[in-house]
Every structure is written in C-alpha cells, then in structure tokens.
Amino acid sequence: MLTPDFTAPDYTARELAERFALGLRGDGEVRVRGVGTLARADSGQLAFLANPKYRGQLADSGASVVVMREADAEGYAGTALIARDPYAAFARLAALFEPRPLREPGIHPSAAIDPSAQVADDAHLGAFVSIGARSRIESGAVLGPGCIVGEDCVVGAGSELVARVTLVTRVRLGRRVLIHPGAVLGADGFGLALARDPDSEPHWIKVPQLGGVSVGDDCEIGANTTIDRGAIEDTVLEDDVRLDNQIQIGHNVKIGAHTAMAGCSAVAGSARIGRYCMVGGAAGILGHLEICDRVTITAMSLVTSSIREPGEYSSGTPLMDNLSWRKNAARFKQLDALARRVAAADKEPK
Amino acid sequence: MLTPDFTAPDYTARELAERFALGLRGDGEVRVRGVGTLARADSGQLAFLANPKYRGQLADSGASVVVMREADAEGYAGTALIARDPYAAFARLAALFEPRPLREPGIHPSAAIDPSAQVADDAHLGAFVSIGARSRIESGAVLGPGCIVGEDCVVGAGSELVARVTLVTRVRLGRRVLIHPGAVLGADGFGLALARDPDSEPHWIKVPQLGGVSVGDDCEIGANTTIDRGAIEDTVLEDDVRLDNQIQIGHNVKIGAHTAMAGCSAVAGSARIGRYCMVGGAAGILGHLEICDRVTITAMSLVTSSIREPGEYSSGTPLMDNLSWRKNAARFKQLDALARRVAAADKEPK
Amino acid sequence: MLTPDFTAPDYTARELAERFALGLRGDGEVRVRGVGTLARADSGQLAFLANPKYRGQLADSGASVVVMREADAEGYAGTALIARDPYAAFARLAALFEPRPLREPGIHPSAAIDPSAQVADDAHLGAFVSIGARSRIESGAVLGPGCIVGEDCVVGAGSELVARVTLVTRVRLGRRVLIHPGAVLGADGFGLALARDPDSEPHWIKVPQLGGVSVGDDCEIGANTTIDRGAIEDTVLEDDVRLDNQIQIGHNVKIGAHTAMAGCSAVAGSARIGRYCMVGGAAGILGHLEICDRVTITAMSLVTSSIREPGEYSSGTPLMDNLSWRKNAARFKQLDALARRVAAADKEPK
C-alpha cells in the first residue's frame, strides 16, 4: 500500500527548454520522466554533459535528452538542451524530478511547545519536536521529527530543519536555510580559563558563552555539523554559506557570503573567513586568523596564519607507499641540518 | 530494585571448548562467569593471549581460563582453551558474557508511524521512534529510542539501530546491520552549482540528490558517522563493511565488502574503495578516485590519486618537539630550491 | 508575550569587587548590567583586558568597568576591577550575566522511564527523555529534551545533559558534568577480529564491548563528541577533563585530570593521556600510546609514538600557495635520495 506524495513528473523537452530558457536541438516532443547519469541513463531520462572528460559517453548514452554546451551538441543526433552552464541548468531541471516528502502545515500532537513560543500557522512541526521559551518559527518553516529548538531562537520563513536538528539557544536563522540531521547550532563555545586558586590545584573554569549564532538567508548546513555560539558577540554566517557534513565552527567565527566548506573541515574560534572562499575536506583554520575573499584551501591543509591574497593554498605531503614514506619522513627530521650542510658546502672553496 | 535482563552466565571450560570447537588443556571443570584482561582478570574470568608481546603476563594472570595458541600453552600450568586465532575465538566466547538489553518485540506507545509504513510483528520500536511513508521494518529489527526513519527506507531483518539513528530517505539496509547512535544515513549529498545569473551576484544553487543509500548485510556503522545519499545513483556499502565513529562518506561513494575504516576518516564524493581495505583514523580520500582491493591507508594520510596496487600507503611528517619541527618545517618551504642547488652542485666541475 | 526566566542582573562595580575579592579603582558606584568586548562594549557593560595586545583598545572603550591587571590600570581614567588573572576573573563575573534557561525539578509527561530506573526528586527531565533499566539520575541533574540514557548508567549530582545527549550503556558520570547536544557516550568500541573460517571468505566478527565509560567530576564534553565504552575494562576520563566538539575517544582510552582537547581531535583505543595536557584541534593520537603529563600537541599533528617528556610537539608542513607547495611536495618524495646524495658529496675528495 503506497501513498504517493507527489505526482509522477512528465515533461517534453520543449516544455523544459521553455521553462528554463534553454536552447533546444532535436525532437522537442521527447518525454522526460526522470534523470540519470550520462553513462547509465535509460529512455525517458534526462542526463547532462558538463565535464568534457565525459564527452565520449555521449554517443552511447541511452538518455532521451542531454543538457550540454552548444559546442558539445554539434554532431549529436539526439535531443539536446543547450545551456551556457549545463551543470547549473541540470541542477534546476533535476529539482522537477525530486520526490519531496509531504510536509503539510500543522503541528504533530506529540510536539512540546513552550507557551511563550510563536509558531506560524503554516509551519510544519513533526513528531517529537520541542520548542523553547520565546522562540519563533516563521511562515512556511519545516521542522522534521526530533528537532529541538531551545530558548530565544528564530527559524526564518521557508527554512527547513530536516530532522533531529538542535538549535541550543540564541540561534537566529534567516530565510530558506536548510539544516540536515544531527547538526547542532548554538552550543557553548569552548571557553576556559585556568584558575590558579591558592586552595586547590589549577583547574579549569568555564567562560560563559553569552552570544548567539546568526545565520543568513539561503545557507545550508550539513549533517552532524556543529556551530558554537559566541562568547560575547555572535558567531556569524552570512548569506548563501554552504557547509557540508561534520564541520566544526568555533565561537565568534565569521564566514562571508557564498563561501563553501567541504566535510570535516574545522574553523577555530574568532577566525574570519571572506566571501567566495572554498575550504577543502578536513582542512583546518586556526583561531583569530583572517582569510580574504576568494581563497581556496585544499583538502586536509592547515591554515596557521592570515591569508591576504586570493588564490589556492595547501599544506601536507604527497601519498607514498609506506616504505618510501618512512625513509623520506625520517629525513624530514634532519631537513634543517641537511639545508645547513648544503649551504656550508656552497661556501667551501672548491 | 534491579530487574536483571539476562541470566548470569556460568560455563565450565569444557563446555566452552565444546561449544566453540577449541582445544582444552588443564582442568575442564573450572567455571567461567565473565571475562577480564590477562593482566587483571580474577578467578572465574576468561582472558586471552593473542599478541606475543603480552606473553610475560601469563604466569601471573589470575584468570581461570586463558584462550591462546597451542605454542603459548606449553608449560602453562592453568586451564587453556587452544585456538588457531585466539582473538577471534575470544570474540565469540565473550559474546556469551555480554549483558544485552532486552528488546522485546513490540512498538512503544509513543512511536509515530506513517500509515503506509510496514513494521514486522516481531520488530522492536522504542520510545520516540518515527517511521515515514512507505518505509519497511523487517523481521526482528530493533530500533532503539529516538530513531527516525524517513520515507522509502528499508531496515532489513535482524538489523539494529541502537538509538537516535536517522535514516533520511531512500536508505536500504541489508540484514544484521548494526548502527550506533547519532549516525545519519541518506542526508543530501553536497552538490552545488555556482549560478552566474545576469541579475544577481554569483550564488550557489543546490543540485537535487535523487539517489539513495544501499547498505549490504552485516555492516556496522559507528556513532555520529554520516553517509550521504547519491546524487543520481546510490551510495553503496557492500556486505560486511565496518565503519567506526565520526566518519564522513560523500555521495555516490562505493565501498567494497569487508573494508574497515577507523574513526574520523572521510571519503569524498564518487570515490570507489575496494574490498578488504583498511583506512586509518582521520585519513582522507579525495573524490572520484579508485582504490583497489587490499589497500591500507595509515592514519591521517590523504589519498590524492587512485591506487592500483595493494599495499600500505602514507603521507604526513613525523612528530617532533615543536622547536625542531619549526626549523624543519621552515626548510620544507625551500625544499625545491635546495634540491635544485644540490643538483647544480653535482654538475659543477670539481 | 515574553516569560523572562531570570531577573535582569544589575550590580555596582563595588558589589562585584567585593563578591569576587577583586581590587577596585575609580568609581565604585558605576552600574553593570551586562558584558561586552573591550572594543565594542557600551555604557553599563563590563569588559576585560587580559592580552596586552589589546591594550590600545582601552582608552577608547565604552565599557563602564574593565577587569585588568594592576599594571594595566595605571593611568586608566575609568573604573577598573583589578585581578591577577583578568580572564579567570571575567569568567566568574560573566556568569552573573548569563541568561540561563529555567530547568525546574520535575519530569516532563512525555518522558519514558524504565520502572527500575531511579530519578532524584529534584532532577529535571525534559520532553522525550528516555531512561533505561537500572539507571540512576542523581540530585539536581538536568536532562534536556531528547536525551537518551540506556541501561546501567549514572548521571551524577548536578550534572547537565543539555539536549539530545545519548548515554548508551554502563556510562557513569561524576558530579557537575556538562554534556552538549549530540554527544554519544558508551557506544560500542571498534573491536573486530578477522575470522578465517574454512567455509566462507574472511569476514569480520565483532568483539563484544563489555566495559563502560567512567567520567569524573567537573568534566565538559562537546557537541557531537563520541566516547566509546571499553572492551573489557572502562574508558576513563578523570576529573576536570574538557573536550570540545566532534572529538572521538576510542575504547579503553584514559585521559588524566585537567586535560583539555580542542575540536575534531581523536584518540585511538587504549591510549593513555596524562594530566594537564592540551591537544590542539584535529590532532590525532594513535592507539596504545602513552603521553605523560603537561604535553601540548599542536593542531592537526599526529602522535605516532609515546611521549615521555613534557613539552610541545608538532607534525605537518607549513601552508604555502599551491604552486610552491606542489614543487616542494614533489621533492619530499625524493628527500631520502637527496640526503644520500649530499652525504655522498661530503665524502668526495675535493
């Protein structure tokens, strides 16, 4: 017994071309009912060709329609949708074929909502959702099952917390923010002072974290990503910041608009990252640094000082078979001595 | 007031030997009621000796029974169970002494189950479990408290989601899959296209993630690990894949059977990992690479190109005291220049 | 409609000086109603000056009161609270101004509590909390919404699980432990043995994890951090251990009192870390190692052998622009050959 939650999509190539202002080559009456990869698409499916590396797959593709650049369409016998940026065009086309779960307005009877919270009439609150004091859920927002919103938070209009997202306290989300399961925003920043009281051995005391988290419009935050709230002022994500899974953002970090960070990357407290930056997977950025706009950090690199010039930056060593690596890595410990020896030899009379 | 949930185990050495087809030396009537480490086991406990490094602990061990290789048993005065692989034998023996919580068939009254979902009569659904449309929970499956299963998922027979596991959508688990708390399977892959529309500054648009996640039989997935669903096709784990905690698996990754990955490792989108691979803690594998069968990657190494030969691979530099490290690391920035100087000197007339 | 959950704080500088035994310079009647950064504080706010780097901000600060060292107060015209350690003093002062959510004693009606569990009368259990068999929640403990406590656990007096924390089984927390959302304590350690049975291809069998997790008093555990339970004995955190977010602690690890670890760091099974250690962000420590007291590991370093001397340790290479990095990194693969060539040249007759 199935309860279909969306009408099976079915479009002609011509309808798609018109809807997205794309060029059309070939048979405009061909029907599209889903998407596939260029290599494995079947009849009735739409595929795309963006990377020239895969051009060889075009001739054998079973796709009924392929989105591609004009240059790639020359000599192509099938139906093509022509786009300057086929990948971006595909992103928009594919959204038509995405089965999205129904999230009808209303509040699941199990939800626990503080009397002082405000929930828009057309918001969706799923099972086991908890909303704390003075928080506000705006129009069209969706909170899937198990989401927890603490005190003094705002979930902006059209935002979606997929499931089991936690906003701890003083977290303000803009509009159309999408947050995946397990993400935690607004937990205490890691602020500690070592107390050296005369009557006890040195021990940590907690620095209260009085700030919040401010997230701009159109941000996306991945599964199990954590963004701590600020110590005094806020931790800030500007508009259209895109964070993958398992990222850690320390307190008082500021991330500029349109910056994207890949999985497992981490930013320590009070670092400031510019706009249109790209941070690779598992890369790290130390605290209190500044990174200017349009900087790319490659995977697993560690940024230990501020970056003032746009460009691509890296650290680390290449992968080798373990035996070679051991020999070379051992020499790394002698690198300064080696350099000194070479410098001294250069000065020797020959 | 205690409610014991299992009968206190009590076996003779002879019973254990027969049950697991192990050799027996010494007194077969010795009783075993629990397990301990070789160094600290007490009377009534079973210990094991697998690593020859710990052989010296054998003489002083208080264990009543020790599992070991035949060669190690020579001259041992106590009771020994003889196994070709003592660690594997211990794994099986110890399972007898594990206090497993009761998970009786039935559905906790708080569970929220979509009318179109199917739940086997002998499945266990704990408190605050949510099951979405068209999902199926098969025979003997256990979903501990707080688990969330979205739309169009399958939890195969005998699988266990310990607690607070999230399957977002289109996640299909095989049989006897074990998933630890906080894991998230089937969240959106990180697919973005930069839109350069004439009427706005460049901004990200989301590439819909239309695929699912397919997990084979006998897989284990650690706490807070994330496995994204595929963009078009599925993300795939074959049978008996073992993932530790806090691992990130990007969309469309394929992991071969019997591969094990240690904590905090990460695999970027569309990478393919072979069978019987071992990936060390915090190691990273870039996207779209292929790694053949029986490859070992050591901890915190970064794989930046495909690996075609079985073997062990590493990157990184050795740990040093910080002062030495600073000197050597500074020289790393001059390494190319140094190599050129040495090459030039080699060519100089002597 | 707001339901204020604490009285707006308001103190004179003199009251603060007396309460915390601090020196006072300037007008003791100045009123403090909140805190701010030195650079941006307004009238009515308290700021602090600890790092001499920011001394230049003092003259222009709008703060009504500034906590600082005696030496920094000379020539300062405003009101100062004098402390030997201004940051520690600020930590204590700021706690007066922290809006703490009300967590009144009592059990939310949705909570699911095993009949054999014990919950102190003055504990707070929020919505959707689940408590398993034989677990004990002690006096004044707070379990925020969505927390799951499995079987045979103890939450010590005055401890707080902020929200959506999971204690799987056999987890014993001391007093005043603070755990942030998404943390998972007591999941199965990653114990596997490769079974080479004659009738099947080699496959993993699970080693039962029979131990627990023991956490001392005054520990703090960050969001989405995972601490596995021990295989036979316990995983142990001594008193006042401070763990940031997204940290992974393997089974049977022992961490000494007052050690602090930054986000995304990881410790593999059975490693022992001393007291007063500091582990930087994303640093890794391999299994079965020992690290003595007062060791600092810098960010993203990998510890591959035991450390016997206090001090600071590092690994890795410095960040460079990608083009320079590529050249130098390629030479790393030839480093052993280079060193051999230089050594050989040294021996050549000149």
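Lettered A, B and C in written order, each chain numbered from 1.
The rule is simple: contacts are C-beta pairs under 8 Å (C-beta built on N, C-alpha and C of every residue); 3 or more make two chains touch, one makes a residue touch a chain.
Just so it is clear, the model here is predicted, and its values are computed rather than measured.
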Copies chain A and chain B touch via same or different residues, half shared test: different
Cα-superposition angle relating the copies chain C and chain A, to nearest 5°: 120
Geometric centre distance via CA averages, chain B-chain A, whole Å: 25
Per-residue multi-chain contacts in chain C, two or more chains: 110, 128, 146, 164, 182, 224, 246, 264, 282, 300, 316-318, 320, 330, 332, 334-335, 338, 342, 345, 350
Of all residues in chain A, those that touch chain C in their complex: 110, 112, 114-116, 128, 130, 132-134, 146, 148, 150-152, 164, 166, 168-169, 182, 184, 187-188, 190-196, 201-210, 224, 226, 228, 232-233, 246, 248, 250, 264, 266, 268, 282, 284, 286, 296, 298, 300-305, 311-318, 320, 324, 327-328, 330-332, 334-335, 338, 341-342, 345, 348, 350
Of all residues in chain C, those that touch chain A in their complex: 1-3, 5, 34-37, 40, 85, 87-88, 90-92, 94-95, 97-99, 101-102, 108, 110, 126-128, 144-146, 162-164, 178, 180-182, 218, 220, 222-224, 240, 242, 244-246, 258, 260, 262-264, 276, 281-282, 299-300, 316-322, 325-326, 329-330, 332-336, 338-339, 342, 345-346, 350
